[in-house]
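What follows is a set of structures to go through.
The same chain A turns up in both complexes below, where it pairs with chain B and then with chain C.
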Partner chain A sequence: MDLVTLLQILDSSVRLAIPLLLACLAGLYSERAGIFDIGLEGKMLVAAFAAGAFAAVSGSVWVGLLAGIGASLMLSAIHGIASITFRGNQLISGVAINMLASGLTVLIAQNWFKQGGRTPALSGEGRLSPINLPFADMFESIPLFGPTYKELISGHSLLVYVAVALVPITWWILYRTRFGLRLRAVGENPASVDTAGVSVVRLRFAAVAICGILCGVAGAYLATGLQAGFIKEMTAGRGFIALAALIFAKWRPWHALYACLLFGFLQAIAVRFQSIDLGGVVIPVQFMEALPFILTVVILAGFVGRAIPPRAGGEPYVKER
Partner chain B sequence: MGKMPLWADALLVPLLSLALAAFFSALVILGIGENPIEAFNLMVDGALKRSAGWGYTLYYTTNYIFTGLAVAVAFHARLFNIGGEGQAMIGGVGVALVCLYIPWPHWSLAIVGASTGAALFGAAWAFIPAYLQAKRGSHVVITTIMFNYIAFSVLGYLLVEVLRPTGSMDTASAAFPEAVHLPNFHEMFAPEGSRMFRGAPANVTFFLALLACVFVWLLIWRTRLGYDIRSFGKSETAAKYAGISPLRITVVAMLLSGALAGMMSVNTTMGETERLILNSTEGAGFVGIAVALMGRNHPIGILMAALLFGFLAQGGAELALWTSIPRELITVIQALVILFTGALDNMVRMPLERLFLIIGKKEAS
Partner chain C sequence: MTLMKTLMGAAAAIAMTAGAAAAEPAVIFDLGGKFDKSFNEAGYNGAQRWAEETGGKYLEIELQSEAQREQALRRFAEAGANPIVTMGFAMTTPIETVAPDYPDTKFVNIDGWANLPNVLTISFAEHEGSYLAGVMAAEASESGTVGFIGGMDIPLIRKFACGYAQGVKSVNPDATVISNMTGSTPEAWNDPVKGGELTKAQISGGADVIFAAAGGTGVGVLQVAADEGILSIGVDSNQNHLHPGKVLTSMLKRVDVAVYNALTAGADLETGFKNLNLAAEGVGVAMDDNNAPIVTAEMTAAVDAASAAIIAGDVVVENYADAEACSVLDF
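Here is the complex of A and B:
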């Protein structure tokens, strides 16, 4: 395999990893605060639809991004009301949100654009445009580093850089700020946070809202960056791969980046090669598609270091029994 | 906290939740510029007014009974089996292998074999998540989600590389032999020359589903194992003190759940398509969650809820046929039902409990 092919695969790995990373960080905030969220998929889907639709109608990708975030936040609000206010089952709420998103997007898209459940194809200002970093052309003649810089580092859209920057920012928020400490505490032992006079309800709603915003960005990137418009079921399990990455990363921001890059790489390979022939042994494409899920099960099984979720995850907090 | 009377818990709460879901569904229909009452009438016409409509409604009902029971059995052990979809897919592989490679003389024997195959394969697919939950504490919800995706890949691989007949372009297995054809309602009930149930996929598996309801009722409320499952679900610590092994109950409940989900494939794969296809489950595994929630995990409730969702599925197909409302409307309605009967259950329950408390106090004084 030559350098150009390798760079192309790595480049598409990064592109494919970005929506996973954004959704994974979204889940990280929510789950660290003790709210399980299996509705990442649904939130990304409505965001992708809203972003695609509003970018097509307004002609501006930024209007689309805002609409995507708004749509995702609405589902977050439902999840918050169900699981925080009414102390419902967070998993069931997540299932409902996923189904709601999968139905509503097609319903509204068909009603609005009448194109069989998709939004009009985006072009020009309606899409995220790549940003060329400085010196990309100047460095090109340097062997190895030049092409790598030009193909892999430079030339992505703004949201890609935002997503990567969010990793250290998330780390800083979680481990170096008062809000982060409280957020982690509320996921481990909400009673202690309550005793300290901090509102558990407010903290958890804040976490769920951050989760909504990030899922919104992830969905908007799918519809305006990775592809040009919304297609029915376009998230294609990415919300669950992100969830898998979150477990794989054991709920830590830097590890989330590595896990998402790994899963993005697997997706890029599955897209590029249908089946891989390794000296007589053929690895079918279906195996590559299933690999993120298989790896996560292995991690969950505790064979490669145990993944222990935040202790109060999934349990509604009841003040004073 | 005051308890509500049983009738309120079993009927009033689900009905109120359903009314809320119906109200919001009507809003959605209004939102896309259609008339909810007309839409409802069309659904009733298409699903319940003609025998063929009933044939489809009962076909869907059969699927939902199996997946609803599957979710319910796991729920009784306080396990949330979200993997019905994957278990049904793999159950379909079991059905296909049994039907393709064993020369059955008659359908009545074949259905026993196929059910066994489906149940074994479905149960096997639920085993690893169950074992990991019991032994390793990895959450069964997450593992079953992962197993749904793995199941899809496994099924895709098997259909493309193994079961697909050479030369065929479809991702599907070969057609099953004529001998394993299950009698459908048209063949069973229609008098000579009548068009009753013609073209509808409802078949003898419906009665298998009814049997499964009876079986689950007996199992959960009339056997020692069922008692163990329920006590484990109510309180794990109490169950441990009583000498019930958490490992055994977790694994057994999930195996039963997976087997029931897998048996759905007898209806879809053997009864309808008569070959294994990629997307025969059509989300029925997830609908099972709604069915179990609505039916309060009781076979009678599940039967009624499955009928309701069967009606919705067929009515939705009719709507898509005659109006510009896409079939996805039904997904939205299903989601709303799950939301209101499951996640927002307390929204209905809390005010009701308060109401009954006030009534109770007044009567006492």
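Here is the complex of A and C:
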């Protein structure tokens, strides 16, 4: 394998990993605060739809991005009200959000644009354009570093750099700020947070809102960055792979980055080589596609260290019994 | 009580007028809606063509949910509509349930497999249309490498791929066909992002024309192909307009022809199984103003020659569905 092919695969890995990373970080905030969220998929989907629709109508990708975040926040609010205010089952609320999103997006898209549940193709300002970092051409002649810088690091859209920057930011927020300490505490032992005089409900709503914003960015990136418009069910299970990555990363920000890059890399390999011939043993493409889930099960089963979720995860907080 | 009687009488009168308006054909559009830019819209165009040419009228309904399938069939059959044309394989089971109750009504099942005396089941020779698409791809390719991106890995899509590869090899025996399937679950029909990545991978593998038979995923393939400056080939309905001048052609499934023929035949419709092949104009490649600048005279000539040879029986396109195998392409 030469350098060019390797760079292309890595480039493809980055593109495939970024939506996963954004959704994974979204889930991280929510689950660290004790709110399980299997509605990541649905939130990404409505965000992708809203971003595609509003970018098409307004002609501006930034309007689309805001609309995507707004739509995703709305579903977050539903999840928050159902599972925090009314102490409902978080998993059921998440499933409901996924169903709602998959039906609602197609219905509105069909009614609005009459293109079979699709939004019009975006062009020009309606799409996120790649950013060429400075010196990309100047460095090109430098062996190894030059092409890597030009092909792999430069030439992605803004949201890719934002997503990567969010990893250290998330780490800093979680482990170096008062808000982060409280957020983690509310996922482990909400009663102690409450005893300290901090509102559990407010903290959890904040976490769910951050989750909504990040899912919104992820969906908008799918519809306006990677593609040029919304197509029904276009998230294609990425929300669930992000959840798998979150478990794989054991709810830690840096590990989430590694997990998402690994899963992105596996997908990129599966896209590039349909079957891999390893000296007589042929690995079918289906195996590569299933690998993220197999790895997650292996982690969950405790073969490679144990994945322990936040202790109060999934349980609504009741102040007095 | 009198009010009740009046109401019942009115209902009966309406039912009778509905019965009297009989012998009009009916078209049932599936969940996608009749303006879905694809399958259903093709059916709608065929029905409209019939209505304009004959001045006839047809009853229609756009289904809104799964539960309406059987209901709609029964209502049209009760109203005396004949024939009742339905769109898509999903109508097969409802037709199998309803058709035996109305032996005098004829039903049309497009892309399905219903086997009843009063049902006409229509299938398409996708491999022949794909063969023509392959001929055009090979003519247009400068690198000698062309691509195929399928949706979900099912025999029908392999039929497309196999026909396409045969068409390519008929023009250029040394050509390379890179074939990828998007996935093995139904999600593969709606993953434009993965379709785009597959396109990029095939481009770096040297492909300069890519045929997408992948539903919503195909939209992503066409988009990336246009962005990267290579040619693509659409599927099912005419997708040339999606990126004018960058979509080489579209492999058409002439659902409009099927609907038009059924409506023209009216109540005298011949039931049984019908395969709409190239000779019956059931499949073909789309030529319009959008792709006219990139279609050369050689391409047109090659397609016409191949088409004539298939119709005459000089060239037999191998159908993947027959042997579950393809001689020119490995899956």
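What to note about this one:
The rule we apply is simple: the second predicted complex is superposed on the first by the 321 of 321 C-alpha atoms of A that agree within 3 Å, B and C clash if a C-alpha of one lies under 4 Å from a C-alpha of the other, contacts with A are read in each partner's own complex, and residues count from 1 in each chain.
Please note the rule applied: contacts are C-beta pairs under 8 Å (C-beta built on N, C-alpha and C of every residue); 3 or more make two chains touch, one makes a residue touch a chain.
Bear in mind that the values here come from a model prediction, so they are computed numbers and not experimental data.
Under the clash rule set out above, the superposition-derived model of chain A with chain B and chain C contains a clash between the two partners. Judged by the touch definition given at the top, the superposed model places A:8 against chain C, while chain B stays out of reach. By the touch criterion defined above, A:297 reaches chain B but does not reach chain C. With both structures placed on the common chain, the touch criterion links A:244 to chain B but leaves chain C unconnected. Touched residues of chain A were counted for both chain B and chain C, and B has more of them. Of the two partner chains placed by superposition, only chain B is touched by A:102; chain C is not.
By the touch criterion stated above, A:110 is placed in contact with chain B and with chain C alike.
Of the two partner chains placed by the overlay, neither chain B nor chain C lies in contact with A:315.
Of the two partner chains placed by superposition, chain B and chain C are both touched by A:289.
Of 63-71, 207-215, 279-287 or 297-305, the segment of chain C whose C-alpha atoms clash with chain B in the superposed model is 63-71. Shared contact residues of chain A with chain B and chain C: 110, 117, 237, 286, 289.
Residue ranges of chain C in contact with chain A, taken from their complex: 32-33, 35-38, 41, 180-181, 183-184, 187-188, 190-194, 196-198, 200-201, 204, 216, 219-220, 223, 242.
Taken in their complex, chain A has these residues touching chain C: 5, 8, 12, 15-16, 19, 110, 114-118, 121, 222, 226-229, 231-234, 236-237, 267-268, 271-272, 274, 285-286, 289. Across the interface of their complex, chain A is touched by residues 28, 32-33, 80, 82, 128, 132, 136, 138-139, 141-143, 145-147, 149-150, 152-154, 156-157, 160-161, 286, 289, 293, 324-326, 328-336, 338-339, 342-347, 350 of chain B.
By the touch rule above, chain A contacts chain B in their complex via residues 38, 78, 81-83, 86-93, 95-100, 102-104, 106-108, 110-111, 117, 237, 240, 243-244, 247, 284, 286-287, 289-290, 293-294, 296-297, 300-302, 306-307, 309.
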